[in-house]
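Listed after this line are the structures, all set down as structure tokens.
Consider the two complexes below, in which chain A is the common component and chain B and chain C are the respective partners.
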Partner chain A sequence: MIAERIEINIAREFTDTPGPRKRSEGDHSGEEFLNDFLRPRFVAARDAKAKLCINLDGAIGYPTSFLEEAFGGLARAFGREAVEQTLEITCNDEPYLEEQVLKYIRAADGTR
Partner chain B sequence: MKKGWVIPTIVIVLIVGGLLGLVFLFSRVKSSIQYGFDFGSALDAIVFLAVGGLIEYAFSKRYSDKRADTDLLLGIVGEAKAALVALEKVALNYETGRTLTSKQQVALICASRDLSNTVHSIEIGLRHCKIRLDALEFDKVKYARLELNESLTDSPFPGPYDHSCIARIRTATKAMRDELTRMAFAVNHR
Partner chain C sequence: MEANARSKEKRRVRRVQEQGQPREKHFNRQVGVDSPEVFSLILNPDGMLAFLRAVRQAARRRNVYVNLAKVKKITPEAIAALLAAIHQFRKFGTAISGNVPTDATALKVLNHSGFRTYVRNSPDFKYPTLVGKITKRNLSGETFQNHFDQQLAKDLVQFAIGKMAESGHRPGPSYAVFCEAMLNTWNHASELVARREPWWASAYFDAERQRTCFTFIDQGVGIFKSHSLTMTLNILVALRYLDRGELLKRILHGEIPSTTRIPGRGNGLPGMFEHCRAGRIRNFVIISNNTIGYVESNIYKVLPSEFEGTLLYWEIGS
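Now for the complex of A and B:
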């Protein structure tokens, strides 16, 4: 049976204190989240034609560098269109985060 | 009669007598005029007064509702300004030229989130009052908030920050403060 939704709750599964952009800059970086969590689940969701739901609730907040590296990095690796079709972002704790993440995905195509 | 009452009594008698005399003269001079009660005119006057009263009531209610909405919105903008001031205090840690400690990072992220959510509250308030966001150019506030957030927490977060980064933070902070001030006046003048 193919799952229709794959979920990631960052605060529960990764950390509630997201850190800097690169692994070399500190713990719980965007690079670490991208490579160890986001990328494998994105591939699994894409191959299963399922939605990958990212829940941003529960963390203290997200530095821009973390979000850009994780979600912008995903769009740079797989293309903006595929990421937009597969990802669903939810955040009740900070409603503007969703559009902020979408901005980084849309701006990622060949910008960095 | 006491001596002190004589003059006032004479004055009162003269005034009352004078008024009665005037009424008598008026009735003599204008005696050819016929007075009667016109029901239609009286009804017109009553309707006119009632409509005027309703218009006055509707206008004053509408004005007081709008004033109350404006006061509430200005209160929310004030909360956003307070959140910005709190964020500015936390952001001063950048000026040391050292990498932020874990505690400082958490304080910064939390303060930045508070500002984001107070700006969101302004949007909710405007929508609640059925005010068009584009009429007040609300996107400029959102953009200024995002630019400030990015200047604070994009690379080289968590520091150390060089002079150009600090200059960017200061510029973004000023732009955010100016936008909130503009929003307060825009709400008040709408």
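Now for the complex of A and C:
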């Protein structure tokens, strides 16, 4: 059976205090989230032609460095088109974060 | 001669900072420094920087008595800056003492800000219910793997959430701003790669205005001594076609690329500017070296004195 949606709630599954950009800078970094959570689930969703739904609610906030490293990093690795087709971002706590993440994905595409 | 003395002083300061140990010998003499009536870096930057410079100069050779008696207005970011200065000089063996404002409102702000947590108080002093919280990240006990401390940022933001619960205001991107500020301090604020700058941060709930005021201070080299500018900008600044005020504005607007030149980097300060432009944070002020930017009102100025490090101030609320 193919799942139509794969979900990640960052606050529940990863941390409610997202950290810096790189692992070397501190705990719960964007790099850690990208490599340990986002990338494997993105590949699974893409291969299953499913949507990967990222829920940003519940965290105390998101440093821009964390978001850029995670989502920009994903676009640098797989390309903007594939990421936009697969990813769905939701954030009811701070709705502007959805647009911020999309901005990093778009900006990262030209830097692969 | 003067250059030699400065160089000697610089070596002594660096030695103490690297070793993290206070001077063994303490000064015997004391000198008084009067504070400005408006004790505020955002409302009276010239007066406050002159005051901090006077304290700094006096603290190199004497114990210092800070006279706050004439203060009529005091703001939380200046309290955090005073604490940062006091603790910086204590490391060198200078004893800093002082009095409190005679003005009742100013005294209340000082007492409720969290300032008393970090200074020795008179025996009969009773702690009030705090509307402010000040936190410090220092070098002692810090390990290399544990330098980015999101828990301290979270504590301050949650403190603010608790104070704003009645009004229902959210802290917005305050946690993100604290984190970016910590990263900037960690990556750019120190002259020495092996040494990292301590930082101070505070949250203060202003019940009258229903706003929480956040401050982040590091005592590093400041933006203009850490940000390696492009050749063109260096020439323009040297030729005085462009002043540091304009430069700060361009950095915030994202028009000057990150020093790392790595794709995706350099979003910290432009991100804060974007939060301010969108109204997610209010009254955003940045002071670094001899430059101040009132971002919300788009005013960027060069100051007559240097602020040693970088200060970020912003508000959340109605």
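Please note the rule applied: the second predicted complex is superposed on the first by the 109 of 112 C-alpha atoms of A that agree within 3 Å, B and C clash if a C-alpha of one lies under 4 Å from a C-alpha of the other, contacts with A are read in each partner's own complex, and residues count from 1 in each chain.
Basically, a contact is a pair of C-beta atoms (placed from the backbone, for glycine too) under 8 Å apart; a residue touches a chain by one contact, two chains touch by 3 or more.
Quick caveat, the model's predicted, so the values are computed rather than measured.
Three-chain overlay on chain A, with chain B and chain C in a clash.
Chain A has more of its residues touched by C than by the other of chain B and chain C. By the touch criterion stated above, A:E94 is placed in contact with chain B and with chain C alike.
Touch criterion met: A:A108 reaches chain C, while chain B stays clear of it.
Of the two partner chains, neither chain B nor chain C is touched by A:F33. Using the contact criterion defined above for the overlaid structures, shared-chain residue A:R76 touches chain C, although it does not reach chain B.
Of the two partner chains placed by the overlay, neither chain B nor chain C lies in contact with A:F14.
Legend: residue contacts after superposition of the two complexes on their common chain; A:F42 is shown touching neither chain B nor chain C.
Within the superposed three-chain model, A:T64 lies in touch with chain B and with chain C [touch as defined at top].
Here chain B runs into chain C after the superposition, and of 6-14, 42-50, 60-68 or 96-104 the stretch doing so is 96-104.
17, 19-21, 25-26, 60-65, 68, 93-94, 96 are the residues of chain A that lie in the contact sets of both chain B and chain C, per the superposition on chain A.
Contact residues on chain B toward chain A in their complex (touch as defined above): 102, 105-106, 109-110, 112-113, 116-117, 119-120, 142, 145-146, 149-150, 152-155, 157-158.
Of all the residues in chain A, the ones that touch chain C in their complex are 17-21, 25-28, 60-66, 68-69, 72-73, 76, 93-94, 96, 104, 107-108, 111. In the complex of the two chains, the chain A residues touching chain B come out as 17, 19-21, 25-26, 60-65, 68, 93-97, 100, 103.
Across the interface of their complex, chain A is touched by residues 145-151, 153-154, 157-158, 170-176, 179-180, 182-183, 186-187, 263-265, 267-268, 271, 278, 280 of chain C.
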